[in-house]
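Both complexes below contain chain A, partnered by chain B and then by chain C.
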Partner chain A sequence: MKNARALSLRGLSKSYLAGQNAVDSIDLEIQPGEFVSFLGPSGSGKTTTLMMIAGFSKPSSGEIAIGGRKIDSVEPYDRNIGMVFQNYALFPHMSVADNVGFPLRMRQVPKAQAAKRIADALAMVGLADFSGRKPAELSGGQQQRVALARALVFEPDVVLLDEPLGALDKALREQMQIELKRIHRELGVTMVYVTHDQGEAMAMSDRIAVFNRGRIEQIGSPAEVYARPQTRFVASFIGDSNLIEGVIGRGGSVDLPGFGSIAVGRGDLTPGTPVDVLLRPETIRLSKEERSPEDICFTVDEIVNYGDSFLVIGKSAGQELRARVPGLDMPALARGERCVMRWSKERVHIVPR
Partner chain B sequence: MAVELTRPALAAEASALPARALLVTLLRPPVILYVPAALFLAAFFLVPLGLVVWMSVSDPEFGFGNYATFFASRYDLAVLARTFQTAFVVTLASLVFAYPIAYVAARRGGAVGGFLLGVVALSFWTSFLVRTYAWMVILGAKGPVVGLLTALGVSPPPRLLFTTFAATFAMAHMLVPFMVLALYAVMKRIDESYMRAAASLGARPLRAFLTVYFPQSLPGVVNGATLVFITCLGFYVTPTLIGSPQDKMIAGRIGQEIEQLLDFGAASATSMILLAAALALFTLYDRFFGLDRMWR
Partner chain C sequence: MSRSTIILAVLVAILLTGPMFIVVPMSFSTAPSLEFPPPGFWLGYYRRFFSDPNWTGPLFNSFAIGFGTMVLAMLFGAPASFALMRHRFRFRSAFRMLVLSPLIVPHIVMALGYYSYFGSLGLVQSMTGVILAHTCLTIPVVVLTLTSALANFDRRVENAAAGLGARPLTTFRLVTFPILRPAFLVAALFAFIHSFDETVIAIFISGRDSATLPRQMFNSFQMEADPAISAASSLLLAAVLVVIGARWAARLVKPQPARAKA
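Moving on, here comes the complex of A and B:
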């Protein structure tokens, strides 16, 4: 898209009460055409940040710029930002075509040209035949598509999406994720996507900004955020995780009480520094055969069958651990049974405390 | 539990005896619950209404003479027309007063909204009669309005009390709470995100209001207008006490026919015409302004 723009937030803060920041000094540079997710629990400041970008909420300090132009004092209706709302906010008294055409009417686009752009936008979301319907006559997924078409039809500089798939059921949500990705690829428009669903953020984003208590704890590609979380919060919020407390030892190794010492090549950390070690459940292997003296004993407490995989919850060295075992690799285990757990050392990630 | 067990047994027995079946059905709890209300309505609403209908066609002689007289009388027709015209003006005026109040209360919420609704409710709970007397004081020859006009040099000050203007204004004031509540009920359901969506799509506040908010508030406008219009058609106290004696409304005319002319037949016929007019409006409303159902 010709008008994909960069979005930058510099020192953006919002406080409702003195001394309490809902959003606390956020710095973020979003590249033109990038798909960035704001991921975090409710109350983490992600929606407040989105509302400030849209212009519905006034920042207490900091600045917002689109394509290098400061927009802090620009009214929402002049920002040229497309927005998809959680409840879609389709105008119930207007037909689908009139809803999609609304931003074009506001911009005095000539009728014939507007008709073509409405038709194109509806075709893009697969609703070419629905232009005459009222929103109430559409399913939730279809309403979502209309809202998307309406937010895209006027070629906005940036598109903001506020938990747009929250109200849809799981199957439809996955389908819409793929579709949204396709549309993003085709148009190349800059998109900011707010969600509390980490799977959704992982599936769609170029980068994920993980929000917690009004701050961005980490920003990075989905793979990066998943494999190398920089804080305990990110490690536990994204994906299933085992966090084991340890201490940095000599020569870049980490000492885990009960599990021994593992070489992790972190010579940059001072020996004696307390850290957390992240062990993703799918990196743990369970086996009934003892092979080496290094093997660690694992006592099974609970087994949950998900069909394609098993979640095995158990204890090792007095610590509760969760292991995710693919269905085909699952050894014949029963509750209360003891087995052996292994993990690949290169998968171990150190999270500073 | 015991009831559940005996019911099939009763039903089986009842099918053999039709008369008893009817009795059993009538004595079953759901039906029995309607009885007090039905009896009350019959005794205090249907019977008197029937008597009025009867009187309108039988007093002084049997036939539709009373109705014929009404429709042949230029005076009565003028009263009917004036009633509709006044109701129309009152509805319009109360809409103009009520819309901003309801709009601010619904969109602002919080302390401001609560205060506005509180003021409206206070007015709503005060009787029509009390508020009419209040207007008599305010608009009276020695009241504050006349006093202010005199102080401003308007001489002689206009007569405000006992005019159609006074009655119209006072009725609009009295019916504003109905309009506010009807509007508020609908406006409260209009999600804030619609106005935000409109803004994000490039609509300035006034444009957003006219194209997005106002159309969605129309069901409330129609509900409120119907309520106010029909209430106003039968308004008696206010136009009688502070309106112009020459420009009667239909309820005042009925009062006059009963109290001064002692013509119960004519009064009954006039009442029936008023009732028919209100029913016709309700029917029209139901037919054409099912706005509520149009997009929900």
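Moving on, here comes the complex of A and C:
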């Protein structure tokens, strides 16, 4: 599919109740062929945004364009957007082949050609032998694939997926993530993928748009939103995190009560500005070596063994902190024990408050 | 369940179904007049019923009126159901009350009303009059059946159809209606049977030429107690049972989540 299109949202808002925006002035430029995830907690406006793009819900304000063409007044049936619903929304009275063939039938594709495209689409999702089944005769994962084939078979300009893997168990979900990525690579179609699972968004996306209370708090590559979150919400929603309250000091350093002052080279922030310092658990190292006076003391409260790594929860300078220690580097620690905590200062990230 | 509840349940069941066990055997009786228990069995009453125009006329009328009522009640009830379930409009709850009111208003009151109102329109003693009255009476049945089906209908399949390129009418024809077909079928059959066994209004406004089966049974019972009435009763009962059976069958027709043998 070489006809991938760009999708742009400009100032897009939706309010169900007067004075409350379920989606609040969203701006987003999605490149042709890009895989963008909408990541956010339940109720943050992801589905509402998707429904407006698909045309099932009318924006209160703002505009939507596909491939540079405004589609605000285009009816859903003329938008040429493929959508996979959270519950799949398959037609229960039609066979798998008729479900997948439905968009082709609507486009009056000749029978023989349609049959070939249906077969190709079903083969792509690994359901070549299931064309005669009814949806009720398929497992959840198979229904999900049918919904995907149906959304792709008519070469839509954009494909929208609303938590498509939400109902599947973990192993199947991981398998489908890989398959979806493969299909995206093969077809090169623009995809918008809604999820509340940050791991899923990290694994699949070119870029992640982090939703909170109807707004996009940050949009960037998975590495970017993980390493350099711009807001406290993004920092805490994506990955495991320690946020320590601090104040910008002289010369681009940050003062953390109980932890001392760290040089972070943020001369752009005025001294005295309150900030949060993000310390990812995997950047903390624990050791039982002799303490020197400038070392920071860490008291262990809880140790969780994940096999490949340990999660150590404890306190330091009155703050609860979480440290992730690779299994091989784990010192012999017990609950209630005190040890020394070290961190790489260059990995510290400042989040404005 | 305690012993006394079981006994109570059995008593209630006997009370409810008792008449069936009297009327049906009686209809196959050899006795010259209504008599229970029957002295012997044969099909005489049924032969009499089907050869007497005083019975076959009303039977035909009942079918015609039931069919007309079914068509009209569906034509009004189906759109009303969609309006009630899918649109918010002013006076919606008042509209729902109005549509369902024939369930509450005593039939004898409605019958009197139709009698005087249709009188001035020249509709008394006509089939049209009975069909119109029965339509009002059965719209609530259609609306109750269809609104409960619509309440369970997942509108996302309609969104899906639209997103795949189907215009609203196409979506209705290819998706909404086929999925709701069993409910439509049940609603139509209920409308038919409601009209078929309705008595009060039929007595008031169906005339000699448009007499329905229940009205003819009532007349016959008052005048001469023609034993063919027991055959008529059994046929009426059979019609009701067929409809209930059809409703049950419709439930069987719905797609069952069968296990895939992958």
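Quick note on the criterion: the second predicted complex is superposed on the first by the 350 of 353 C-alpha atoms of A that agree within 3 Å, B and C clash if a C-alpha of one lies under 4 Å from a C-alpha of the other, contacts with A are read in each partner's own complex, and residues count from 1 in each chain.
Note that in this section contacts are C-beta pairs under 8 Å (C-beta built on N, C-alpha and C of every residue); 3 or more make two chains touch, one makes a residue touch a chain.
Since this is a predicted model, take the numbers as computed values, not measurements.
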| item | value |
| --- | --- |
| Simultaneous placement of chain C and chain B on chain A, clash or fit | clash |
| Partner chain in contact with A:P59 - chain B first, chain C second, else both or neither | neither |
| Contacts of A:Y77 with chain B and chain C, given as first, second, both or neither | both |
| Touching partner for A:S139 - first (chain B), second (chain C), both, neither | second |
| Touched partner set for A:R107, first chain B, second chain C, both or neither | both |
| Set of chain A residues, in rising order, touched by both chain B and chain C | 54-56, 75-83, 85, 87, 89, 91-93, 102-103, 106-107, 134, 136, 150, 154 |
| In the complex with chain B, residue positions of chain A that touch it | 54-56, 75-83, 85-87, 89, 91-93, 102-103, 106-107, 134-136, 150-151, 154 |
| Chain C - residues contacting chain A, complex | 154, 156-157, 159-167, 170, 174-175, 178-179, 255-260, 262 |
| Complex interface listing, chain A residues touching chain C | 54-56, 75-83, 85, 87, 89-93, 102-103, 106-107, 133-134, 136-139, 142, 150, 154 |
| Contact footprint of chain A on chain B as seen in their complex | 191, 193-194, 196-205, 207-208, 211-212, 215-216, 294-296 |
